[in-house]
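What follows is a set of structures for review.
Each of the next two complexes has chain A plus one other chain: chain B in the first, chain C in the second.
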Partner chain A sequence: MKLYLYGIIDSSNQIEESIYGLEGTGVYNIPFCDIGAVVSEINQPIQEVTEGTVLEHEAVVEKLATDFTILPVRFQTIIDGRDNLLSMMQSYYKDFKDNLERLHNKLEFGIKVIWPADKIKENIIKTLKKGKQKNPESNNSQSKKFMTEKFEKYKIDKEFQTKADKFIKVMEIFFSKFAAEKKLRKLKTENLLLDAVYLVEKSQESNFREAFEHIKSGQPSLKYLFSGPWPAYNFVILSKQSGLLTDSQKTDLLDKVTQDQMLVGADSI
Partner chain B sequence: MNSVVVKSKEITLLEVLDRVLDKGVVISGDMVISVADVDLVYLKLKVLLSSVETIEKLRGSPFVGPMQEAR
Partner chain C sequence: MIANGIVETESPEEFIEEIEKAQDCLPKKIDANPKTVEKGLAKLVLTLIELIRKLLEKQAMRRVEAGSLSDEEIEKVGETLMKLENKMDELKGIFGLKDEELNLNLGPLGDLM
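Up next, the complex of A and B:
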């Protein structure tokens, strides 16, 4: 029997709500110690990745996120049988537990900021030209001309980066108060000034949204894409030691899995 | 359904795909039945996600005026 895995939750209890996953089969929790792996049974791996199947996966994760802290598992993770799943849970238990504790009561938000790179560069060139008129230079030789052009380009790029840094710094002043963690990517492309994800305490959600609105109104010439709240897809950190627990750690964990827990899981099949 | 809602949904779908196909817990090991197609799909999608032009096209608005939020 193959098990399609949606996520790891901070509960070993069965899910009270009826949730249906891929292929329309029921979703249930397989407990391991004090956490659980949420799965549904599946006949064969999905042959085609479609919008529908991706959305079905996400819908299950979203539903679980309303009642539990969840570590969303990547789409199309299928485990070959219950024994293998429990073995996987044993290997990753410490990582899962640490992440569940860290991400408890937290939400993820995505923010993309787009700026008109061409216009920004045009303005930089204009400003640099103004400065240049005050200090005219003669560039007669080819090599000197080449070097001057290179230097001009360097100055434009540097100023472009400085402007991006300045904007991100302002954003950080507002968001750092409300975000527990963040991942920022500056200038992924010239127009995509910032591609960021923030991890926010549930209690800070409204403050975070307010800060975003404040930034948006302060820079109306830029475009903003705000998304969320999401389960913390971007903030699960697995250590390199996963699956490589020492023998004593494995014994400790096996001791924690009581016969009762195994039976509760078995009943739900 | 008006066009703004449709565009917002399309942008949200890109955000969903980015997360579901590429982020979250990646479990490795023999017990996992691997399906290589997902990586291939995501590689194609990544180009789309990095493309501001795509977002612009979905939004269909110039660099002025109020912004639309995806969700």
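Up next, the complex of A and C:
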């Protein structure tokens, strides 16, 4: 029998609440030592990924997260039978335990910030034109003209990056007090200034939100997306690279069903 | 259906657009379809060449900025970079590739460029 895996939890007890997962089957916990793997039975791999199936998976993970610390497992992780599942648990047990302890009582929040890249660049160009630049002198040589143009573009890009760094530094001053861990991606696109995820102690949730509101009101011209609280999708770290899982057992463990995917629908998966 | 997590924004369309933009140019798998394998390989090779070209260009700009290149050297470097860029444009045209397609997703390390 194939088992659809939702996540690893910090309990070996049965789940008291009735939770229904994919294909409407009951979700239950398979214990291993003092932790457990939460699964439901599935007849065949999911043929068609739809927004509905992604959300069903997500709903189970989030429901579990209210009562347990959970290491969410990638959408569509199917394991061939209980024995293989227990072998996998044995193989990864230490990693699972370490992560469960590290992530206990913590939540994940996502913050994305859009800035007007075109306007920022326009202003940079204006400022650079005002200043006296020691660019390579232009003459009739084609290669020198090429270098002059490239150098101007280089200066604009450099200033653009500096401005992005400055904004992110300011954000960090506010968030570092309340976030236990963070992962930042700067300028994923020219407009997407910041794509960040923060791991926050449950007790710090309201402080973290307050810090976000403070940043937002300080820079009202930028656009913000705040998401969460989520289970710690982005903060599970596996030190063990190989285990008893094989490709056929869908080894893509502990990756995340991203909030991006939730936003743009199942097509992007 | 979602129990706890919420997404709050006043500009959902803009965020969707930017996220899609970031994802669009990064295929999760190498395209090994027999009909397009040539283009898939060209894309991979050109991505690596583009990375090296950009690194060379950046290094050259840093040296110009630092004033450590003579006029003659600037001329020579400019000619080399210009020829390299023209050749890349030509190859991109042959394989029907756009600038934003020349990138690789390195998983947890992020994008190559």
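Heads up, the rule we're going with is that the second predicted complex is superposed on the first by the 226 of 269 C-alpha atoms of A that agree within 3 Å, B and C clash if a C-alpha of one lies under 4 Å from a C-alpha of the other, contacts with A are read in each partner's own complex, and residues count from 1 in each chain.
Please note the rule applied: a contact is a pair of C-beta atoms (placed from the backbone, for glycine too) under 8 Å apart; a residue touches a chain by one contact, two chains touch by 3 or more.
Please read all numbers here as calculations on a predicted model, not as lab measurements.
Enquirer: Look at A:Trp230 in the shared chain and tell me whether it touches chain B only, chain C only, both, or neither; answer first, second, both or neither.
Expert: In the superposition, A:Trp230 contacts both chain B and chain C.
Enquirer: In the superposed arrangement, does A:Ile114 touch chain B (first), chain C (second), both or neither?
Expert: A:Ile114: touches chain B and chain C.
Enquirer: Could you say whether A:Lys63 touches chain B, chain C, both of them, or neither, answering first, second, both or neither?
Expert: The answer is second: A:Lys63 touches chain C but not chain B.
Enquirer: Applying the touch criterion given at the start, work out whether A:Lys106 contacts chain B, chain C, both or neither, answering first, second, both or neither.
Expert: neither
Enquirer: Identify the partner contact of A:Lys182: answer first if only chain B is touched, second if only chain C is, both if each is, neither if none is.
Expert: Neither partner.
Enquirer: Spot which of chain B and chain C makes contact with more residues of chain A, would you?
Expert: Between chain B and chain C, the winner on chain A residue contacts is B.
Enquirer: Just to be sure I read the superposition right, which of the two partners does A:Leu85 touch: chain B = first, chain C = second, or both, or neither?
Expert: So A:Leu85 only meets chain B here.
Enquirer: In the overlay, answer first, second, both or neither for which of chain B and chain C A:Lys150 touches.
Expert: In the superposition, A:Lys150 contacts chain C only.
Enquirer: For A:Ser141, decide between first (touching chain B), second (touching chain C), both and neither.
Expert: Touch status of A:Ser141: second partner only.
Enquirer: Need the overlap of the two footprints on chain A, from chain B and from chain C, as residue ranges.
Expert: The answer is residues 55, 58, 112, 114, 188-189, 191-192, 223-228, 230 of chain A.
Enquirer: Along chain B, where are the residues that touch chain A in the complex?
Expert: 11-13, 15-17, 19-29, 31-33, 35, 37-38, 41, 50-52, 55-56, 59, 63-64, 66-67, 69-71
Enquirer: For chain C, which residues count as touching chain A in their complex?
Expert: That would be residues 1-12, 14-16, 18-23, 57-58, 60-61, 64-65, 67, 71, 74-79, 81-82, 110-111 of chain C.
Enquirer: Enumerate the contact residues on chain A facing chain B in the complex.
Expert: The touching residues are 2, 5, 7-8, 45-49, 51, 54-55, 57-58, 61, 71-81, 84-85, 87-88, 91-92, 96, 110, 112, 114, 116, 119, 188-189, 191-192, 216, 220-221, 223-228, 230, 233-234, 236, 238, 243.
Enquirer: Under the touch definition given earlier, write down the residues of chain A that touch chain C in their complex.
Expert: Checking each residue of chain A against chain C gives 55-56, 58-59, 62-63, 65-66, 112, 114, 134-137, 141-144, 146-147, 150-151, 154-155, 185, 188-189, 191-192, 195, 223-230, 259-260, 262-264, 268.
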